[in-house]
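Structures for review follow.
The following pair of complexes shares a single chain, chain A, combined with chain B in the former and chain C in the latter.
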Partner chain A sequence: MSELLRLEAVQTYIGQFHILKGVTFEVPRGTVTALLGRNGAGKTTTLRTVMGLLRPSAGRIWFNGTEIHGRPTHVISRLGIGYVPEDMGIFPNLTVAEHMQLAMHAEDAMTRERLAWVLDLFSDLKKAWRKPGGTLSGGQKQMLAIARAYVNRNALLLIDEPSKGLAPVMVAALIDSLNALKGETTVLLVEQNVIMAAQVASHVVIIDDGRTVHHGTMAELAQDEALKRRYLGIA
Partner chain B sequence: MHRHIGLQRLGYGIFVAFVLSLPLFMHDARNQLFILTNIAVMAIFAMSYDLLLGYSGIISFGHVLFFGVGAYVTAIMMKNVSVSIPALLFVLLLTLLITAFLGWLIGFFTARLKSHFFAMFTLAIAELAAVLMEKAKGISGGSDGFSFPVPSFFRDKLTVAYVALISTLVIFVLLRLFVNSPMGTTIIGIRENEARMRALGYPVLRYKVLAVMISGAVAGFAGMLYGVSMRFVSVPSVFGINLTLDALLMTIVGGAGTLVGPVIGAVLVELVSQWLQLMAKSVPLLERWMLFFGLAYILVVLFFPSGILGGLQRLLILWRNRRRKAP
Partner chain C sequence: MDLWWSLTINGLATGFLIFLLAAGLSLIFGLMGVLNFAHGGVFAWGAYAGIWAYAASGNFAIGVACGALAGAVLGFILEKTMITPVYGNHLQQILITLGVMIVLGELIKTVFGANPQGAQPPRWLAGSFTVGDVVMIKYRLFVIAAGALVLALLYMLIHRTKFGLLVRAGVANREMVEILGYDIRNVFLFVFVLGSALAGLGGVLMGPYVGVFTPAIGMEYQLLAFVVVVIGGMESILGTAAAALLVGLANAYVAYYVPPLTAAVNMLLMISVLALRPEGLFGVNRGEN
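Let's look at the complex of A and B:
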C-alpha cells in the first residue's frame, strides 16, 4: 500500500448545497501532493471532509489503511493528521505560547525538539511568544497556524493556502520547510499559487465543480498546456 | 520584572487584608453584615456563571438550578437529618456531588447544542425544576418555604460573614488555578474556535461538559452558603430566574472572562440595589428602582461592552500610550 490517504467517490453537502460530487484520489506516502482547482471547486471542502469537520454523504476515506469517514474530528486528528485551515483559526485571546502548548500532542523530548525547530524556522513567533494571537500580523498568524501543525510528528499534513498573506521571503522559507519535511511527512497542499505549488509538489490533483478531473505528476501537468488552461485558467 | 511581581503580591495581600477586616467595621450593624454575606454568596455564584459565559462561551439561562439544589440539600438535611458540623460537611460533599452530576447530565445531553438552543434548554430545565419544587410542597415548602436550624457555630452573623468572605477568596484562588491550567487554556480555546480545537485533537464535548460540571458544583456551593446564612429557603428565593439574571448582570457589568469581574459586579450590583431601595423611602421617584437599574445596565453594555474591568483596562492602555508619546 503505497498511498497514505485515499478518497473514493466522496460526496459532501454543506447545508443544501452539493459541494463535492465525486472526489477520488490518492496521496502517495512521503510526497507533497498539490490539490488545485478554481475558486469554489471544492478544495477546502475536500480538506474539511478528510478532517471530519464535514461529514461526507457518500464515498469512503482511508488513512493509513483505516477508514476514517464519519469519525469524530479529534479522533482523526490524533491518528496523525495535522490541519492548517485557510482562515488560520488563531485564538485571539491566547498567547503564541498557549497556542503551541495546546497544539503539542505530547511533552516528550522529540516534540520539544520539533518546537525548537519550528521556532527557528519562524523566528518571528519567538519574538511574539507572549503576545495574544489577536495582535499578530497576518503573516505571523499564518506562521503560527503552520507551526501548530508542524510541531507534532504527524504522518499527514493538510495545508490550505499557506502562501496567502506571507511575504515572498517567508514563502521561500515555507517552501524550504515543506521540502525538509518530505520523506517523514506526507503533505496535501491546497494552493492558488501554482508556481509555488510546482516548487514543492511532485503529484497533483485537480478538482473542478466538486469532481476530480485530473490526477498525475507535477511534471505531466507542467507540459500539458491544455489542461492548465481548462481547469486552472493559466497557460 | 521581579519587582513588578513583588508589588502585585503586596497589592493582593493588602486587598485580602482589607476584605477580611471589613466585617470588623460592621460589627454592630447586622444589616451591613447581612449585605456583606450576600455579596460574597453572589460573588461566588457570579464567578461560577462566568466560568461558563466568559471562559467557555456557554450561555446558560438556567444556572439557578444548581444554586437551588445546593440551598435545598442544605435545608432538607439540616431540618430532617442532623444539625452538626460533620453533617454540614456531609452536606457540602453531597451538594458538590449532586450538582456536578446534574452538570454532567445537562452538559452531556445539551452541550452539543448550538449556543442559543443550549440557553433555551437550560432555561426550560430550570423552570421545570422550579415548578416541580413548587408542587412538591411537602419537601420544599413551596413559595412559603421553611426555616431550619444550623450548627451553633454558624448562628453568629459575624462568623457567617467571615466564612462567606473566606469561601469567596478560596473559590477565587481555586478557579484562578483552574483557568490558568492547561485545562483552562483548552476551555478558552474552545470558546475562541471550537472547530479548530477539534482539529487539534481535543474532544470538545468532554471539555464543555467538564466546564458545566465545575461551574455547577461551584454554584451549588454558593447555594449552600446562602442556605446556611439565611437559615431559610423557599422556591422563589433559591430557584427564581432572577438569580440567574443577577449573575448574568454581575458578570457583564464587572467584566466577563475575568474572575475579578464578577466579584466587582456582585459588589456593585448588590450595593447599588441596596442604596436605591434605601433612597426610594425618601425619593418617591426611586420607588421604581428596578427601572433605573435597567437603565444603568443598558448604559454599561453600550459604553463598557467588556465590563467595568475591561473599560478600566482600555483607559489604562490609552493613558499609557499617551504618556509614551509625550517627549
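Let's look at the complex of A and C:
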C-alpha cells in the first residue's frame, strides 16, 4: 500500500448545496501533493470532509488502510492527521504558549524537541510567546497555525492555503519547512499560488466543480499547457 | 458605620450565593451557548436534597455534600437526555429547559411537599459575635468564605489547568478544539455537571441563609443569576463574580437607604452596565473572530 490517504467517489453536501460530486484521488506516502483548482472548486470542502468536519453523503475515505469517513473529528485527528484550516483557527483569548500547549498531544522529549524545532523555524512565535492570539499579525497567526500542526509527529498534514497573507521571506521559510518534513510526513496542500505549489509538491490533484479532473505528477502538469489553461486559468 | 458594615456583609453573602448559581450559568452559556433555564430548578433541588440530608444525618457537611451531589447528578442526567439533542438551537433550549424547570419544581412538591421548608445553620455557625460595634453573623461570614474559596478554585481550574485551557479554547472556537484532537462533548458534559454541582451547592447554602424557602426559590434566584451573567459578561468567571457581588451589595444598600427602588435596582444596574459596555463588565468582544 503506497498511498497514505485515499478518497473514492466522495460526495459532500453543505446544507442543500452539492459541493463535492465525485472526488477520487490518492496521496502517496512521503510526498507533498498539491490540491489545485479554481475558487469554489471544492478544495477546502475536500479537506474538511477528510477531517470529519463535514460528513460525506457517499463515497469512502481511507487513511493508512483504515476507513475514516463518518468518524468524529477528534478521533481522525488522533489517528495522526494535522489540519491547518484556511481561517487558521487561532483562539484570540489564548497566548501563543497556550496554543502550543493545547496542540501538543504528548509532553515527551520528542514532542519537546519538535517544539524547539518549530520555534526555530518560526522564531517570531518565540518573541510573541506570551501574547494573546488575537493581537498577532496575520503572518504570525499563519505561522502559529502551521506550528500547531507541525508539533505533533503527524503522519499526514492537511494545509489550506498556507502562503496566503505571508510575506515572501516567510513563504520561503514555509517551503523550506515543507521540504524538511518530506519523507517522514505526508502533506496534502491546498494552494492558489501554483508557483509556490510547484516548489514543494511532487504530485498534483486538480478538482473542478466538485470532481477530480486530473491527478499525476507535478512534472507532467508543468508540461501540459492545455491542462493548466483549462482548469487553473494559467498558461 | 457599623450599619454600613452589616449591610456590606449582608450584600457580600447574598452576592456569593448568587455567584454560585450564576457561575454555572455563565460557564454553560459561554462554552456551550446553551440557555439553561433549568438551572434554578437544580439550585432548588440542591437546597431541598441538601437540607434533607443535613436534617437526616445531623451533619451540616454531609448536607452540603449532598446538595452539590444532587446538582451534579441532575446535571449529568439533564445534559445526556435533554441538552444534547438541542445544542445549537436557542429556541428549543429555552422551551425544553423551561419545561424541565417546571417539572423539577413539581417533583420537589411531590417528594418534599409544597409547604415552606425551614433550615437553620449548624450550631457552630449559629449566632454572632461583635467586632467593635459591628455585629458579625457567623453564617454570613461562612457563606462569604465558602463563596470566595469556590471562586478561587474555579479560577485556578479555568486559568491554571489543561482542562481550563480546553474550556477557554472551546469558548472561542469549538471546531478547532476538535481538530486538535479533543472530544469537545466530554468538555461540555464536565462543564455542565460542574455548573450544576455549583448550583446545588448554592442551593444548600442558601437554605440556612434565608431560613425558610419554597420550591419557588429556584425561579426567584435564577432571574437574579441571569441578570448577573449579563452584567458580568458571558464566559468570564471574574466578571460573573464581580457582577454577583455588585448585585448583592446594591440590593443590600438600596433596600435600606432607598426602599422604594428595591424592586428596580437589578434592572437599573443591568441597563446602566449594558449602556456603557454592551459586552458586560469583563466580557470579550467577539468581533475579531
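What we mean here is this: the second predicted complex is superposed on the first by the 235 of 235 C-alpha atoms of A that agree within 3 Å, B and C clash if a C-alpha of one lies under 4 Å from a C-alpha of the other, contacts with A are read in each partner's own complex, and residues count from 1 in each chain.
We take it that contacts are C-beta pairs under 8 Å (C-beta built on N, C-alpha and C of every residue); 3 or more make two chains touch, one makes a residue touch a chain.
Note that the structure is predicted; figures quoted are calculated from it, not measured.
K.L.:
Clash or fit: chain B and chain C on chain A?
P.N.:
clash
K.L.:
Figure out whether A:4 sits in contact with chain B (first) or chain C (second), or with both, or with neither.
P.N.:
neither
K.L.:
Kindly classify A:190 by the partners it touches after superposition: chain B alone (first), chain C alone (second), both, or neither?
P.N.:
neither
K.L.:
Between chain B (first) and chain C (second), which does A:41 come into contact with in this model arrangement: first, second, both, or neither?
P.N.:
Neither: A:41 stays clear of chain B and chain C.
K.L.:
In the overlaid three-chain picture, which partner chain does A:159 touch, first (chain B) or second (chain C), both, or neither?
P.N.:
It touches nothing on chain B or chain C.
K.L.:
Quick check on the output: what are the common chain A residues between the chain B footprint and the chain C footprint?
P.N.:
Residues 51, 53, 72-74, 77-78, 83, 85, 89-94, 98, 101-103, 105, 148 of chain A touch both chain B and chain C.
K.L.:
Provide the residue numbers of chain C that touch chain A in the complex, in ascending order.
P.N.:
Against chain A, the touching part of chain C is residues 162, 165-166, 168-169, 171-173, 175-184, 284, 288-289.
K.L.:
Would you tell me which residues of chain B are touching chain A in their complex?
P.N.:
That would be residues 182, 185-186, 188-189, 192-193, 195-204, 257 of chain B.
K.L.:
Across the complex, what residues on chain A touch chain B?
P.N.:
51-53, 72-74, 77-78, 83, 85, 89-94, 98, 101-103, 105, 148
K.L.:
Looking at the complex, which residues from chain A come into contact with chain C?
P.N.:
Contact set of chain A toward chain C: 51, 53, 72-74, 77-78, 83, 85, 89-94, 98, 101-103, 105, 134, 148.
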